Amino acid sequence: QNGSTPTAQEGEGSGALTPVSVGVIPIVDVAPIYLGVEQGFFEEEGLDVTLELAQGGAAIVPAVMSGQYQFGFSNTTSLILASEQGLGITILTAGAISTGEVGADFGGVVAMPDSGIATAADLAGKTVAVNTLKNIGDTTVRAVVDQAGADPDSVTFVEMGFPDMPAAVAGGQVDAAWIVEPHLTRAIQAGAQVVSWNFAESDPDLLVGVYFTSQQRVADDPEMVAAFTAAMRKSLDYGQSNPDAIRAVLDTYTEIDPAVKEAMSLPHWAPDAEAGAIQRLADLGARYGMFDSPPDTSKLLP
Amino acid sequence: MTRAWRPILLATGLPAVLLGLWWALTAESTSFFNPPLARILAQFRQTWFTQPFGESLFVHDVLPSVARLLAGYLVALAIGVGLGVAIGSSRALRAYCEPVLEFFRAIPPPVMVPILMLFLGIGTPMRVFVIATGCLWPILLNTIEGVRGIDPVLRDTARAYRLGRRSMVRHLVVRGASPQIVTGARQALSIGIILMVISEMFTARDGLGFTVVSFQRSFAIPEMWSGVIILGLIGVLLSLVFRAVTEAVLAWYLGYRSAQRGGA
Amino acid sequence: MTSRVRRRLPGWAWGLAGVATLLAVLEAVPRAGVVDRRFLPTSSDILGTLVHRLGSGEFWTALGQTLTTWGAGLGIALTAGVALGVVIGMAPFLRAATASTIEFLRPVPSVALIPVAVLLFGTGRASTLLLVVYASFWQVLVQVLSGVQDVDPVASDTARSYRFSLWARVRTVIWPTTLPYAMTGLRLAASVALILTVTGELLIGTPGLGLLISRAQSSGAVASMYALVVVTGLLGVALNLLARAVEARALFWHPSIRGEAP
Amino acid sequence: MTSPATTPEHGARLDVRGLRKVYTGRGEPVEAIAELTFEVKAGELVCVVGPSGAGKTTLLRCMAGLMPATSGAITLGGAPISGPPPGMAVVLQEYGRSLFPWMSVAQNVDLPLREKGVRRAERRTKVSEALAAVGLGDVHDAYPWQLSGGMQQRVAIARAAAYEPQVLLMDEPFAAVDAQTRFELEDLVRSLWRRLGVTVVFVTHDIDEAIYLGERVLVLSARPTVVLEDVSVGLGAERDQLTTRADPEFARLRTHVYELVQAAKRGARTLADAHLTHPVRIGGEAR
Amino acid sequence: MTSPATTPEHGARLDVRGLRKVYTGRGEPVEAIAELTFEVKAGELVCVVGPSGAGKTTLLRCMAGLMPATSGAITLGGAPISGPPPGMAVVLQEYGRSLFPWMSVAQNVDLPLREKGVRRAERRTKVSEALAAVGLGDVHDAYPWQLSGGMQQRVAIARAAAYEPQVLLMDEPFAAVDAQTRFELEDLVRSLWRRLGVTVVFVTHDIDEAIYLGERVLVLSARPTVVLEDVSVGLGAERDQLTTRADPEFARLRTHVYELVQAAKRGARTLADAHLTHPVRIGGEAR
């Protein structure tokens, strides 16, 4: 149960399975692929999936590009960035999408009640922690501050890992933090309150994470890509309609505290990575200084 | 004439060969993560020395990082030598401290950062602290071993003349251990640079390390490599300063060691 | 030497006392409310989780994987560092010719090499191994270089005057002098290798303790994470005990070990 | 040259009672000293001779408080020695290694004086005088490793002399110097001793030197060491390289001590064992 | 004891021509040796005396090929010396530091033999014999730092003796041993020399020793060094501690050399400067 599934030694009548490695991050977003593997969706498509855990894109993108992993999960903005730099990347399916519900999303901006921050507008002039600068976090926070009529450029952003944010907010090291589950719930349990649901508020269908592969692989091995895409779509649909199974499968690759697990919000999972959603992200990025010119995201889709 | 050039030739010969190799091997490279050296060098000026100079990344990111590095390094030097002298001089103290020190020594800085953040915040003090804790170990270990290895005859001489505690430390222990202390300090210099990067990987907003990691994360690979080159250059520069200081501090040692190799 | 009792107390007793002090401080700080217990658990919480961890096979597998990567990396770094250190240290020309390159390469952080490592070796053990070797090699090299320089000129003249072969000089004069330096290099490299094994596992995702830490961290399982961190710390302590034992045997002749004959 | 006189009375009685020293390091325990009992009166100059490896250095290091005895007691002026006592200077046998290589010759001589609290100006004269006295007036700024063996040894002697101790312990201090310099240094020690009234214990292998210098010569047996004989030297207080060495008593003592050392080397542990070829006068009675 | 005889002819002629050595390290350059020209015939035993700091060690280290000369040439058996030549053994003045502390006494003696390619069984006898000859038959397994100064020095001598060199250079090798042992070691060197026909250069401060041992005594001036006199010792080949030292010629040579060293210390640089109090016989003619 350490993140990889046992390989099927004897192909159960269906012939040999194609071994496939997928780079994933140990967060809630990727629960459907775990569930999908458990449910046998990938075997049905002739794939023997090994899930490889890594901490972030720094390792997953090069591994996919070099062919060491066939597929990977990544934050969408990072892939737009990579594509802008000339990496041949193809997005196959959506990974995690904002629930679009203000009050019940899997990411938001939190602050302590005594910080004087109650709304997005109050973030102006404050220090806000995000996990990565020039990425989806600061872009969407700027967007909501802008929407609230305050000056987005007056917000100071600091990089910090999500796990460290609850302590930093509670201890006053930062004024506020953009944070995702399960740490969002941890922060709330530690007394913080959500001041903005920046995903839902900036785009109800915000495409936070996606599954991708290299353009090379699409060209070389279209059947495998098709099989993976099909199984992945099935998994995402299954995950969306079975939240209890999702919460159960989390125990196999995370150590989230049961109390947190029950309280937290899950992302929305849908199979389609819509061109429009990707372009909206790119445009947001362009508007808030991530890119010099609006990127062309069409090359990211098959 | 050739004599004056010799050290310069020696210092630049191998780097020139290696750069040449790097250039040649990557000239045709189409690999995204391993771009041609030509591209990296082309990126170099553009990335770090944009106009106006006052707003270039060099001033904005490199200089503050180096300042933190030096601060952390000097703190480590003071604590490392002080603590090392105490621990090296007392068997009981060594036995008492060693397990705890070894425990902390083995803990990766990335996981220490969150705890430090709780106590020191996320500003400069925390980063200086991370750099200092990293630099501490080689200095501390080498000082301890240097102190333990001091010639017993010298120690006896100092004792017989009843040198006070302070003179003992100043004239015997620190000087006697100085060759090894310098070795530790040399090690610490490059570790300091590495930790400068690590300390900026977490909870950072500026700094050379932060910039390099951001480049890496945004897949600006030639820019990232140019940052790595800057790190190396800082290493070379600091080591030049370090060598000059060493030659002054260890003049006796270098003379002593070469005295019998022909007196030159 | 103020009292007899103090002298008689064996080394390990002092060590235990030191550890006890640390545990007490770690217990007291969160309890006293200096920091939130949720973010920095007490030592009893951590140890409780640790004991629980020790019961799982997953933990032992990860520990084994970490130790394998660590051992292999350290072994390679040590062999290469000692061999190159002795060769470069003995030849003044090589010393001068390599100095600038060494100073350039040493401060390049292993973490910056992650994408290259992954590209070259994938996310398996080889990538982490590259980082481990790269980082710990310099520690050994620099120590050995200093050690070679520290050879007593009288001893080396003696060897020269009896026309010892190069190999004999290395074996009988240079190596024994270098050994104390190399031991320190080993101890430094051992912990750097451990740190980078764990960091590599953490960032690249090579299986091992680091991956477990990363998982616990991403899940916000604070006590669980620190329990694993404690394990790496304890590994460090164990390694040091080992290094000290080796040292006591190999360096019995050195003033630092032979001490004052009672 | 005025001495800072940290204690009013110069010189102190040194008393060694039942001293025993066993080295228990690596390997078999080595019994270096079996049983030594003797005393050195305040302001007396005693020479110690004995075969190589007898335990002379061991004895000196115990007396200097640098090494604990296995059993027995050493007292200086009535107080038991547990560490190096104040007002004592030692010249160690390993002269080369006893100089601080990171200090110049002058700094090496100066350091103990500074520790003693002597003023800067006074220190400067003392250092110069001491170095000139050992014939090293011209190497103040050299480092010890730039000196020849004999010069190093003389720096160590100058350091002890400049210190103006109440007790002076010297372990083969003239082993590395030429014959002429040796004579001069012998006279230096004697004049120092007479001027300051310092208690001196002087270990040497040169029997002539022992007799010329000492008021008593302590002859030690081979290891494990006991006192073979405590020879009184009745040569008077005024000595001179030419006349003293020509004295028939000098020649007699010399033969006597030489035979004792020979006997010690053969393994003699008592006077009776020694089978001397000439009549023995019991030490002390000759005076 | 058979020697492995790496060269058929034992002993080799050592020729020093216009040797000059200036130390140019830290500080002012020091001219240690001004001009030395002399030769040591194959199989000859020459003693070198001179004031402390004269440059005896410097000379020896140049002859051993351990240090380059500033100018001049040293040849051994006709071949110029550029590094330590084969078949040579050196006993350095810093005996303590010339022993490897990480090896036992026996290993220290054994190692050069091993390097020379002597068989194990033969090595064992050679090591035992050499250690027994210097009176250290019982400390094979001790480490150098467990020995007294004199014992360490004897280990270094044993190491050189066991090596059975063709050229033996010794720098004050008996400085730290007692009188009796010194006599025995002197006889050891002479017997070694006669048995092996080895060329020996022996630096000492003990003038009696120089005359007793040497066929010639080279008296050096003070720094910067020249040869003050090359004294031939006409005492014959058979020598004996009792009779030789009682020989009137011995006494005459002794006074002569002693006066030369005294003059050298005073700064004499030629025989004429030396103002000797007794008639000078030109070295070599006395034979």
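Which chain is which? They are A, B, C, D and E, in the order written, and residues in each are numbered from 1.
Here is the rule we go by: a contact is a pair of C-beta atoms (placed from the backbone, for glycine too) under 8 Å apart; a residue touches a chain by one contact, two chains touch by 3 or more.
Molecules present, by chain and UniProt name: D, E = NitT/TauT family transport system ATP-binding protein.
All figures in this text were calculated on a predicted structure; none of them were measured in a lab.
Colleague: Find out how few touching-chain steps suffice to connect chain D with chain E.
Modeller: The fewest touching-chain steps linking chain D to chain E number 1.
Colleague: I need the common contact partners of chain A and chain C, sorted by label.
Modeller: B
Colleague: Busiest chain-chain interface by contact pairs, anyone?
Modeller: B-C
Colleague: When the centre of a chain is set as the mean of its C-alpha atoms, what distance in Å lies between chain C and chain E?
Modeller: Going by mean C-alpha positions, chain C sits 49 Å from chain E.
Colleague: Using the average of all C-alpha atoms in each chain as its centre, how far is it in Å between chain A and chain E?
Modeller: 84
Colleague: Provide the list of chain C residues touching at least two other chains, using ranges where the numbers run on.
Modeller: 35, 39, 114-115, 119, 154, 157, 202, 217, 254, 258, 260
Colleague: List, in ascending order, every residue of chain D touching at least 2 other chains.
Modeller: Correct list: 23, 25-26, 94, 97, 143, 146.
Colleague: Can you list the residues of chain A that touch 2 or more other chains?
Modeller: Answer for chain A, listing residues that touch two or more other chains: 56, 58, 62, 65, 161, 163, 167, 171.
Colleague: Please list each pair of chains that are touching.
Modeller: A-B, A-C, B-C, B-D, B-E, C-D, C-E, D-E
Colleague: Going by the contact rule set out above, which residues of chain E touch chain C in the complex?
Modeller: Listed in rising order, the residues of chain E that touch chain C are 61, 64-66, 83-84, 86, 88-90, 92, 94, 97-98, 100-103, 111-112, 114-116, 143, 145, 163.
Colleague: Looking at the complex, which residues from chain D come into contact with chain C?
Modeller: 23-26, 67-68
Colleague: Sort out for me which residues of chain B touch chain D in the complex.
Modeller: For chain B paired with chain D, touching residues are 151, 153-154, 156-157, 159-164, 167, 171-172, 175-176, 178, 252-253, 255-256, 259-260.
Colleague: Which residues, counting only chain B, touch chain E once they are in their complex?
Modeller: By the definition above, chain B touches chain E via 251, 255, 258-264.
Colleague: Please give the residue numbers of chain C that touch chain D in the complex, ascending.
Modeller: Residues of chain C touching chain D: 252, 258, 260-262.
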